[in-house]
Each structure stands twice: as C-alpha cells, then as structure tokens.
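Have a look at this one.
Read from first to last, the chains carry the letters A, B, C, D, E and F; within each, the first residue is number 1.
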Amino acid sequence: MSETVKKFLYLNRKAPYGTIYAWESLEVVLIGAAFDQEVRLMFLDDGVYQLTTGQDTAGVGMKNFSPTYRTLGDYEVKNIYVDKDSLEARGLTQDDLVAIAWEDWETEEEIENIVEVVDAARVSELMEESDVIFSF
Amino acid sequence: MSETVKKFLYLNRKAPYGTIYAWESLEVVLIGAAFDQEVRLMFLDDGVYQLTTGQDTAGVGMKNFSPTYRTLGDYEVKNIYVDKDSLEARGLTQDDLVAIAWEDWETEEEIENIVEVVDAARVSELMEESDVIFSF
Amino acid sequence: MKFAIQINEGPYQHQASDSAYFFTKAALEQGHEVFRVFFYHDGVNNGTRLTTPPQDDRNIVERWAELADQYKIQSVTKDENGNETVQTELVVCVAAAQRRGIVDEGEAKRNGKDATNIHPKFRISGLGQLVEAAIQADRLVVFGD
Amino acid sequence: MKFAIQINEGPYQHQASDSAYFFTKAALEQGHEVFRVFFYHDGVNNGTRLTTPPQDDRNIVERWAELADQYKIQSVTKDENGNETVQTELVVCVAAAQRRGIVDEGEAKRNGKDATNIHPKFRISGLGQLVEAAIQADRLVVFGD
Amino acid sequence: MSILHTVNKSPFERNSLESCLKFANKDDPVLLFEDGVYAVLKGTSAEKQLEAALAEQSIYVLGPDLAARGFSEDRIIDGIEVVDYAGFVELAANNDKVQAWL
Amino acid sequence: MSILHTVNKSPFERNSLESCLKFANKDDPVLLFEDGVYAVLKGTSAEKQLEAALAEQSIYVLGPDLAARGFSEDRIIDGIEVVDYAGFVELAANNDKVQAWL
C-alpha cells in the first residue's frame, strides 16, 4: 500500500436504477475507504437523485442500495456535496435527500449531516482542489 | 415464412461510431430485405449523421459502413426520410448527405435519390402509417 | 394477443432487461402470448450461463430461463416423421453474439473456441428471427438504453 | 509519466474501449508508462477470449492483449526466494465480472461454473486495484458512455 | 393507427422526451418509465413541457419505477396517471404499435 | 490545479457538454471526442455556446473522430484546435488531472 495521501473526488452524475453506474460507483467508495485517502463525494446533474429518501425497489426487483449512503460516515467519508442548481432544476430541496451522520471515533466529534448543498462556483473549486476525479 | 406484408419503419436516432446502434440497425434492414415487407427508413435527431458523406474511419480503426447506405436501393428500400429540423439544428443540408439511387429491375424505372427531407408533420404521419416501428 | 420483445442491453448495467422481464411476465399473466424474446446488441449478454450475481441481488439470466420454462416461451416444430422438436424462444442474435463472445457448441466449433457460455434455455440464431417476430407478432416492444 | 486507464463499457457497443486503446497506444509510444488498464462496469466484457468479430472488423480483445504484450503492460513481483512473477495489468474487476459472467479458473471453481471465458492476457482482481492505480498513477483517464 | 410512445430516459440528461413530444401525434399516449419517470415530478424545469403535452394527450408513469426512485404519487403533476406493469401491457395492447424513444 | 475536461457525447443528445462548460474553471481546456465532436461544427444550435466558451478557454477536437464522422477541418468553428491521439495524451499529461463528463 502507498503512503501517498491524495484528494479523491467521486463525481456522480447518473440517476440510480436506470443504470448501474451509481451503485458500482458507491462500491468503489466503500472499497476505497481502506486506502486512507482524503475522500469527497459530489452529486451533480441526475446524480442528485441517488440521495433521495424513501426509495422502495420492491416493485422493480432490484436491490435497494440507498441505505448504504447513510453509512458513508462510517467509511471515513466526511464531505458530501450536492449541486444547488441540479436540485432546483429537478424541483428538489435538501429535505428530499438523506442525512448522513459522521462521528470521529477518537475525539467523539459529531456532525449530524455531512451532506452540503453548494453553488456552482464551489463545485468548480472542489474539482480544482482534488488530485484525482472518479467520474460516474 | 409469412405471407403478411407489413409496413416497417426503421427509426434511427443515434449517431454512427460512438455507439454500434446505427451499424447493427443497418444489419437488420439488410437481413429484413429478404422478407419482402414494405420498408421505410427514417433518420431523426443524431440519426441524420449516419448519412453524411466523406466518412473516413481509418484514424479510429473502425469499419466504415457508410458505403452500405448507398446500396440500400438494391435491397428494395425505396423510401428514406430525413427530418428537416434535425438537419437544421446540426447546421446540415441535404448536400451533406449521401444520395441513394433506386431502380426497378422490371420496369427499369429509376430514381436518382430516394433520400427525402421531410418536416415534423410528415415524420408523425409516417410513424402513424407504419405497422411496426424498429427504433434504434 | 401476440407480443414480440426486443432487448438491446446486457444484464445489470441498464434496466432494460429488468423492465422487459416484468413487462413479459405481466403480459403472460394476462394470458397474452409472448412469441419470442429477441436479444440484440449488448442484449446478447443476457444469454450467458456464467453470471454469479451477489446473493442479495436478482439473477437476471436465470429469471428469464425460469419464465420461459413456466410459460413455455418456446416453439414446436414437427419433422417429416411427426417427431416434435421443442425450441426455446429466448433468441440471441448470432452476429451480435459473435462480436461480444456469446458462444454455443456450434459457434465454438465454427470459430475455433475452446469453451461455450450460452445458457441452455437460450439459443443463438439469425437476425431474421427478429424480422420474422416483428411480422408474426401483433406488437413488437423494444427495451434499450 | 504514469497513466492509469479505466474503461467502463464493453467492446463494440460503445467506442470507449477503442478510444482508450488509441490513447493508451499513443501514451506508450511517447514513452509514458501505462501502469494499469482497469476494466469496470460492462468494461469487463473486454476480457473475454470468446469474441469472433467479422473478418473486416477490428478484434478489440486481441488488440488489447497484443498491446499489453508489446509494451509490457505488466507488473513483476518477487517472492521471498527471489522468484519473479509477471502479471498482466489488464485488470478486470471481480465484482463487475461476476454480475456479467466473465470467469477465470478460480472464479469458476468458487462459483461452480463449468467453463471459463477470460482471455489469458487479462486477469480478474478486486476493485482495490482501481483505487490503488489512482493513487500510484500521475493521471487516471476514464473512458465510458 | 394509434401509437404508445415510451420514454425511459431522464429529461435532464437526454433529448428523448423532447423528441417524443415533438413527433407524437395528438391523442397518442406517452408512458414514462425507468429514468423517464423523473419528468412527471412537480416543480422541475420540465414541468411546463409536460403540462403542455397533457393538454393534448394522455401521459402515464410506471409506478414501480417511481417508487424505486423515492417518489410518492403526490409528487407528480396532476393529470398524469400511474400504472403498473400490467397497465403497461394493456397500453401496449390497446394501441396499434409501440414506439420506444431510446 | 488545471483540469483537462473531456466530453464524448453529442450536445444534441445529452447534457454532458452543457454541464462541462458550466462547471469547468476558466482557462481549463476542453477536449471533444467520439460523438462529442459534433459540437465543434459551424452553424449548429450549439455554436453560440461553444463560441462563448472559446472566449475563456481552449477547446480541442480529436481529428480522427471528426474524420470518421465525415467532417473536414474547414467545417469547424474558428479557434478550435484539432489534435490526434498523441495530442490527447499531451493534453492529459500537461494538465494536472482529467475529468471525463460521461
């Protein structure tokens, strides 16, 4: 394993279920947690649909993977961003999205919800700050 | 084989080379010619790019299948339609497209170019007139 | 009513095969006939017997095979002596399959391949089977990307 | 410079694998190192040895295998006794491969499959190999739909 | 001859719905399913387009796909009808052909 | 840190280019390839968007993809630069990272 610490940005632009990209992207995040990099997730365009609450896949026979997002705090993911314009174009607000809690096991510092709605300028800045962008 | 004669409409909406749909759609048309149905082809949206002249695939290592369109007249295809608005939005005119000749072997009737540019109302009408729509 | 179904995408990557399955099942449950399910483009990848989806996920390939069994999505032909041959009508396009590596015994022999991967309930056949299905069926319903 | 390549789509249906191939070839010709080519999502279908494309078309799978041979897209590890193991770095994601039916000897044994279809120049491995590639490489370049 | 038009793509990602609504004949029904269901939600940038279409034709949405994506029926534009797979089959049977805007 | 943005989709079919141009930082180069090359042609409904972007950043198009689709370099918007695969590699090497707008 490498000692390098890189800033990873996972950039999610696809809706869930219609295609598998959202789910297999999340699998990379989960596996990637073992590598101790600095990880950020960004949801943009139809990617914002990945975080909606109340997903019920019983009728389409597919696995509901949305509960996994709620556990991301346990995988050392501390920063999750959602693009404001993408939400607005889709008639959504943060209330439609899951809340993801985070706790620092050492300091017991807690954050109730690490999902942050950001504007376009901040999206650009976050892309710029990262070392590697995984795009799904 | 059936005696039924149906009106087939092949509706092509995808650009060539980026994906295989255009090429594998053309393969259905070629095979379908053996079934003596009444066949029409429609090119809509990015599908109009299938008919551009001068395609040269040497640099991308893919097979150039555009010459096949010119032979469609030999496969009993007599009607090929291109949506006018789709051309205009893409800055194209009929001069950018291949001409496809047709000849009736029995009557020696000839048509120099069976590619016809039609308006949206005619597109709708042609869909309505058909018995089966193959969409690619 | 007679339906023909066309599926353009492989399993899992796109929802096409899932949607087609539930549509086909509902049509059969209503007493309609599903004359043929034709797998074209990447759809041919639905015909491999080698998938192992996670235990908590659906098995798309087996689900098609079971549906075809249960509702007899198959055709029966008789030879001169009156012997019946029953064929499954989960049909994989041969040209599309060759490009993508879906292989049965005959294809393996013809193309010098040392293995096959076709599921026993699927069969590989020509593109003419799609055209014929479109002629025979009252409705052709296409599922894709 | 060290490149890592990710390919998300199977051969023929999308241009992704073609574009990735020409990019990789150009990088190698310029003297760059291509550390690993990682096949994810339907990209795993690039790793089958069972394709038979038409004679006038390119063979996408073999082309990757030949490029990997020619430019040694591979890694060398030594065991305690100094014995070297050379591994190809055309890596197919195991989880994605299981869903889609890309199988090697080990997978066939584990999942009770009666055949394999992996091309000998490709290997199946974990998703960690993608993450590791992204860490090790100077650039990760992704090709998809 | 009536056509059932199906759209399975998000109107925010692809042009499928736009093309469908442009070329579908009046009175021809449209069914939104898979990622196409996002078009039926209230308050989106596609809402006006949908409402204009609703004045001329029936629009249906596949309930199981809507539920999978986390949206209840009270989120959808008035006048759009929810169907299940059986309803999808009935729509396909009751119209003369099906055109999929892939 | 500069980013090379790549777009491989037609601007008439998908929203990829639009999103790319919205979020790319000024000065970041954009490479259009595969079906993305249709965006660089003169006289299309996407032309204004491209010209506005050109005022702020470099735009490249992959020549082999353009030729495959039947278009010569005299059809493309002034100021857009044509590169081959080697040029694509150089762009990827000369910027700090690559973002693919799939």
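The rule is simple: a residue touches a chain if its C-beta (ideal position, glycine included) is under 8 Å from a C-beta of that chain, and two chains touch if they have at least 3 such contacts.
The structure displayed is predicted, hence computed values, not measured ones.
Asks: Could you tell me which chains make contact with chain D and chain F both?
Replies: Shared contacts of chain D and chain F: A, B.
Asks: From the centre of chain D, which other chain's Cα mean sits the farthest off?
Replies: That would be chain E.
Asks: Which is it for copies chain C and chain D: same residues on both faces, with over half shared, or different residues?
Replies: Chain C vs chain D: same; shared/all numbers exceeds half.
Asks: Which chain has its C-alpha centroid at the greatest distance from the C-alpha centroid of chain A?
Replies: The most remote chain is B.
Asks: How far, in degrees, do you have to turn chain E to put its CA atoms on top of chain F, rounded to the nearest 5?
Replies: A turn of 180 degrees brings the C-alpha atoms of chain E onto chain F.
Asks: How far is the middle of chain C from the middle of chain D, if each middle is the mean of its Cα atoms, in Å?
Replies: Chain centroid spacing, chain C to chain D, equals 29 Å.
Asks: Distance between chain A and chain C based on Cα centroids, please, to the nearest Å.
Replies: 37
Asks: So which stretches of chain E touch two or more other chains?
Replies: Residues 8, 12-13, 15, 34-35, 64, 84, 97-98, 100, 102 of chain E each touch two or more of the other chains.
Asks: What positions in chain B touch 2 or more of the other chains?
Replies: Residues 17-20, 45, 60, 62, 132-133, 135 of chain B touch two or more partner chains.
Asks: At least two other chains touched by the same residue of chain C: list those residues.
Replies: 8, 12-13, 15, 19, 22, 41, 54, 57, 95, 140, 142, 144-145
Asks: If I apply the definition of touch given earlier, which pairs of chains qualify?
Replies: Touching chain pairs, listed by label, are A-C, A-D, A-E, A-F, B-C, B-D, B-E, B-F, C-D, C-E, D-F, E-F.
Asks: Enumerate the contact residues on chain C facing chain D in the complex.
Replies: Touch residues, chain C against chain D: 10-13, 41-42, 45, 48-54, 57, 61, 95, 98-103, 107, 111, 113, 115-117.
Asks: Which positions of chain A touch chain C when the two form their complex?
Replies: Per the stated touch rule, the residues are 17-20, 60-63.
Asks: Which of the residues in chain C come into contact with chain A in the complex?
Replies: Residues in contact with chain A: 12-15, 18-19, 21-22, 54, 56-58, 145.
Asks: Considering only the defined contacts, which chain F positions touch chain D in the complex?
Replies: For this pair, the touching residues of chain F are 8, 33-35, 64, 84-86, 88-90, 92-93, 97-98, 100, 102.
Asks: Looking at the complex, which residues from chain C come into contact with chain E?
Replies: Counting only chain C, the residues touching chain E are 1, 3, 8, 15-16, 19, 22-23, 25-27, 29-30, 32, 138-145.
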